[in-house]
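The two complexes that follow have subunit A in common; it is paired with subunit B in the first and with subunit C in the second.
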Partner chain A sequence: MIDKTTNQRAWFLVLPVVVLVAFNALIPLMTVVNYSVQETFGNNVFFFEGVKWFEQILHSERFHDSLLRQITFTGIILLIEIPLGVAIALAMPKRGPWVSVCLVLMALPLLIPWNVVGAMWNIFALPDIGLLGRMINGMGFDYNFTQRPLAAWFTTILMDVWHWTSLVVLLAYAGLSAIPDAYYQAARIDGASSWSVFRYIQLPKMKRVLTIAVLLRFMDSFMIYTEPFVLTGGGPGNSTTFLSIDLVKIALGQFDLGPAAAMSLIYFLIILVLSWIFYTLMMRNEEQ
Partner chain B sequence: MKRAKWLVPTLYILFLLLPIYWLISMSFKTTNEILGTFSLWPREFTLNNYITIFTDPTWYNGYFNSLTYVVANTLLSVSVALPAAYAFSRYRFLGDKHLFFWLLTNRMAPPAVFALPFFQLYSAVGLFDTPMAVALAHCLFNIPLAVWILEGFMSGVPKELDETAYVDGYSFWRFFIRIFIPTIAAGIGVVMFFTFMFSWVELLLAKTLTSVEAKPIAATMTRTASTSGYELGLLAAAGTLTIVPGAFVIYFVRHHIAKGFALGRV
Partner chain C sequence: MAIELKQVIKRVGADTHIHRTDIKLEEGRFNILLGTTLSGKTTLLRLMAGLERPSSGEIWFQGRNVTGVAVQQRRVAMVYQQFINYPNLTVYENIASPLNVVRMPAAEIAQRVRKVAELLQIEPLLQRMPSELSGGQQQRTALARALVKESSLVLLDEPLANLDYKLREELREELPKLFRDSGATVVYATTEPAEALLLGGYTATLHQGRITQYGPTASVYRAPDDLLSAQVFSDPPINTAAIRKRGARFHYNDRVSWLAQGKYAALPDGSYTLAFRPHHITLAANNRDSVSVTGKVVVTEISGSESVVHMRVGSDTWVSLSHGIHQFARDQDVELFVQTDNCFYFDEQQRLI
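Let's look at the complex of A and B:
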C-alpha cells in the first residue's frame, strides 16, 4: 500500500469525473425521488402523496414475488458460476500458445450485445428449430421453454452461465497467474496434496479477485433485464419476471410513474445495502 | 487425472461455441430452410441476409451509430478517469473515501431505474436521439468502473517514480502524460476493453435515448424482429455481425488481458 499525502488540490483532478457522474446520477435520481412522493393525472399537474407509493409497493404481492424470483435467480447463478469459473481457471494451461487461444475464445460471450445473447439463445433453445431444444427433446424430455416455467428457468440459468462464467474464469485465472512458482515448489517438497495446495495457496491468493467476481456477478445478475426479456419476455406467465422487467413494465408499459419511482428507490436501496456489505468485507480482507 | 486436465477448458469452450455456431449457421440459411427443415448446417447456402444488411441504410447505419457512441464513451471515460484515479491512488483529500464509494454506487444502479428520467433529462438538454446522449449516459457505469480498475493499477506503481520525476523538474502534466501513462499502458488497455465491452453490450439505455437518427444496431434488430415477422435469417446475420467488433477488440488486447488483470486488482 502506498502511503498517501494529504493534498486538497487533488479535488481538481477528480472534478471532471464528479461533474459527469453527478449529471447522470443526481439529476435522474432527484427526478425519481420527486415522482415517488407525488400523484399525477397528466398535464404535468402533481399532488403530494407522501409515502403512499412506498407502502403500496412494500405490501404488494407482485413486488414480493419478483423480489423472491430475483433472489433465487441470483443465488443459483452465483452458486454455479463461481465454483465452475474457479474449476475451469485451475484446469487452464499456465503458459504456451494455448493460453491466448483459451482467453480469446472464453471472452467472446462477454462482448456480445445482451439482446443478441437473448435472441441467440432463443433460436438455440426453441424446441422445433433450435439445436438445444431438439437435443433435449431427443433425449426424451418434454422441453419447451415458452410454455413450461421450469424449462424457462433452466434455459435462463443456462444462458446466464454461458454468458458470464468466463468473467469469473478470467478473474480467477489472473489471480492464479500471480502466484510465484516458488510456492508450488515448496509445496511439492513438503509433499502437499493437490487439495491442500488449492486450500492453502491458491484459494487465499484468489481471495481478492473472487470478492470482485462475486460483487460484479451479484450486481449484474440483480439488474438483469435484456437477456431474459428477449429470451422469455418474463414468461411463461410471470415465471421469469425479474425485478428490472417488472419495473420497466410498470414504468414504461403502464406509465404508473409514482409506484415505478418508489419501486426504483427500494430496488436501488436493496442493491446498495447488499453491495455495501460486500464492500466492507472486501476492505477488511485487504487490511488483513 | 493430470492428463485429462485439458478436457475441462475444451469442453467449456465447446459449450460456449455451440450457440454461436447455431447463430452463424442460421445466418446462412434461407427462411424456408430455417422454418421448414431441421439441418445442422446450411443446405441451401445463401448470402442474401448479409447483402440485405450491407445495402439497406437502416441496417448498416445502426452499426455506425453503435460504434460512434461506444468509441466516444470509451475515450471520454478513460480520459476523465485517468487523473481521478491518480488522485485517489496518491492523495488523501476531503471526502475521498465517501466520493469513491459514491462513484461505485453508480455502477450498482440498475439501468431500468434510470430509463425514464434519462429520457426526460436528455430530451430537456436537446441531446435526445444523438450518439452523444448514449455516450454520456453510459458514463454513469463506465466512469466508476474505469476509476476503480485504474486506481488498482496505479497503486501498483511505486511513488518513487513520481518523486524522482518532480525532482528532475517535470511539471505535473508533463510527468503524467510522458512518464506515468506509458507506465500503466497495460492497465489502460484493460480498462478500454471493459468500457468498450459494457458500452457495446448495453441496450436498455441506448434504446431509450434514441428513436430514429441514432438507433443502435441492437435496437434495429428488435424492431425488425417484431415488424417484419419471422425473418430469423436476417436477425441471425445481424447478430453475427455484432460479434465481430467484440472479437476484434479481444484479439487486440489478448496479450494484455491476462497480464493486465494480474497487474491490477490482484
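Let's look at the complex of A and C:
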C-alpha cells in the first residue's frame, strides 16, 4: 500500500507536464485530425467524410504547385545558406577581440522578429523609394517585387539568406572552434594544403553541427510564413504562395476547415518524413 | 649534429616562455624533455618543429640555419598527446597522407605503409576508420604517420599521456626500439620522471622555461647539477633540508648530526642544502650511514607492496617510500632513517658538491 501512494504522488508531479503537452500539442493535433475527416455546413453540425479531403488535397493541382514552390524555395536557400555560412565561419577570426564583435554582428539578424524582417525588406526593396529597389533599378534592371514573380522570388530568397545565414555561421563557427589546434599543426607538418585541411579536418569535424544546421534550416524554411506574407502576401499572383500561406488561405480565407485540416496533416507528415530521411542519410556515414 | 638551438629566446607578449637556451641534440639520439606542465616542453618542441619562430636566436638543423624556414620545408614529424588522425580517412589513407602530399608513387607508398603498419602491429586495422579504433590503436596510427615520413627529426609531445596504464607500458617499451632502427633524432616530452628513466637515452630537465641540465638520462638522475634538476627529476618529490656544517659534522635542526665523510669532510663550515629521494629515507635502518630522525605523520598512502609516508619534521615536510605495508595514524611519531651516503649536498648557490 505504501508503494502505491508513492507512485500516485509521482504521477501527481508529472501531471503539469502532461497537461501542458496535452494543451499545446495533443489536443490541437487531435482537433485537426477531427476536422480532417468531417464536413460541416455551419451551425456546428458535422458529418463524417472519411478520407475524402485527403484525396482531394493530394489530387489538387493547387497543392502540387505550392508544394513544388516550397521545395524549390527550401532547396535554393539551403544551397545558398549552408556553403555561405561555412565560408563566413571560416573567414571569422579564431581569437582576439574581434571574435565577440563578429559574433554579436552575426547574431543581430537572428534577434529580429519575423514580421519586422518582412516589413523591413518590404520597404527596403520598394522600387520607387526603397534603397535596394532603387539601386537595382538604377543599375538598369526592371525590378519590382510586387509585380514580377522573378523579382519577388529574388527578394524573398535574399531576405531569408540575410535573416538565417547567421544561424549556420554560428553553428559552423562553434564546430570549428571545437577542433584542437594540434590538428592544424599536424596538417602543417604534413604540408597539407588549405583545401586538404578544409576537406579532411574541418569539414568532417563540422559534420554534426552542419547536420543540425541543415535540419533546422530545412524545417524552418519549409514552414516559412510570416516573412513572405508580410513581404509579398504570396504574390504576385500565386508566385510566392508557399505551403503555409496556401494553408492559411484555405483555412481562414475560404474557411474550408476539412481540406485545410487534411492539408495540415499532409504538410506535417511531409516535414516529418523529410527530416527523418535527411537525418538518417547524414548520420549513416557517421556509423560506417 | 641533428638539431641545435643557439641562444634561443621565446617571448609571448610580456611573458618569456623560453629563456636563453643553448642545446645540441646529436643525430640519432633519443632525447627526453622532462618537466612539469607549463615548463616549456611544448614550446621547445614547437620551436624545433618550426611551428613557432624564436623571438631571438637561431635554430640549426643538420648543419643548416633553419630559423625562418617553414615547417613544411623541414623534414620533421610530430605526435601529440591527443590522438590526431584525419577523421574520415581510413588508417591506411591516414598513414599514407604525408607521402601523398609529396606525390610519391602509389606502389612505393603501399610498400612503406605496410612496413610501418607491420612495425606498429596495426596491419589488420588498415581499412578501418580512426573512430573505430581504441585509444592505443589511434595513437599507433599517429605514430605510424610520423614514422612513414622517415623524417630525420621526430617530436613526441607526451604521446602516452592519454593512454591507460597497460597500453602506456606496452608502447613505452616499443618506442625506443622503433626509433633506434629508424635512425631519426627523437625528442620526447614527458612530465614523468619514471618514464624518462624507462626510456633511457638523453634527458634535458626543464624548469620554468630553462633547461637546467642535459645529459645521459641515468647520469642526470644520479648526479643532478643543481637542486632544480634534482627536483624536476623526482617523483614523489625529492626531500630537502637546510643543514649547517660545523667542524667535522653536519647538523640539522640542532638535534640531528652526522659525520661528514669522504669529499664532504673538507668542506668549509657554513650553510648547505641536503636533498634525498623518498626511497632513501626509510622506516628501517639498512646501513651504517643511516641517521635517525623523528617526525609526525601527515598521511600514509599504501600502494601494493610499498608505503608512502608523508611526515613533518620540524618545519620541513618529507616523503618517505618504504617496502612493505606500514599503516600509521595521523600525528603519530615515527622514526625514520636517512641514508646520508645517498644524499645530494648542494652549496648556497644550489650547485651539487
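Methods note: the second predicted complex is superposed on the first by the 259 of 288 C-alpha atoms of A that agree within 3 Å, B and C clash if a C-alpha of one lies under 4 Å from a C-alpha of the other, contacts with A are read in each partner's own complex, and residues count from 1 in each chain.
Definition applied: a residue touches a chain if its C-beta (ideal position, glycine included) is under 8 Å from a C-beta of that chain, and two chains touch if they have at least 3 such contacts.
Just so it is clear, the structure is predicted and the values come from calculations on it, not from any experiment.
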For A:Y183 in the superposed arrangement: first (subunit B), second (subunit C), both or neither? second
Go through the superposed model and pick first if A:L68 touches only subunit B, second if only subunit C, both, or neither. neither
Please work out whether A:L79 is in contact with subunit B alone, subunit C alone, both, or neither, and reply first, second, both or neither. neither
If touched residues of subunit A are counted for subunit B and for subunit C, the larger one: B
Using the touch definition from the top, say if A:I129 reaches subunit B (first), subunit C (second), both or neither. first
For A:L103, is the partner it touches subunit B (first), subunit C (second), both, or none of the two (neither)? first
By the touch definition above, which subunit A residues appear in both interfaces, subunit B in one complex and subunit C in the other? none
Touching subunit B in the complex, subunit A uses residues 1-11, 13-14, 16-18, 20-21, 23-25, 27-29, 31-32, 87-88, 91-93, 99-100, 102-116, 119-121, 123-124, 128-132, 134, 162, 165-166, 169-171, 173-175, 177-178, 208-209, 212, 219, 222-223, 225-226, 230, 243-245, 247-248, 251-252, 257, 260, 264, 267-268, 271-272, 275-276, 279
Along subunit A, where are the residues that touch subunit C in the complex? 180, 182-183, 185-186, 188-192, 196, 200-201, 204-205, 288
State the interface residues of subunit B toward subunit A in the complex, per the touch definition above. 5-9, 12-13, 15-20, 22-23, 26, 34-35, 38, 40, 76, 80-81, 83-84, 86-94, 96, 99, 101, 103-118, 120-121, 136-137, 139-140, 143-144, 147, 155, 158-159, 197, 200-204, 217-218, 221-222, 225, 232, 235-236, 239, 242-243, 245-247, 249-251, 254-255, 257-258, 261-262, 264-266
Taking the touch rule as given, give the residues of subunit C at its contact with subunit A in the complex, in rising order. 46, 49, 51, 71-72, 76-78, 80-82, 84, 86-89, 97-98, 101-102, 129, 145
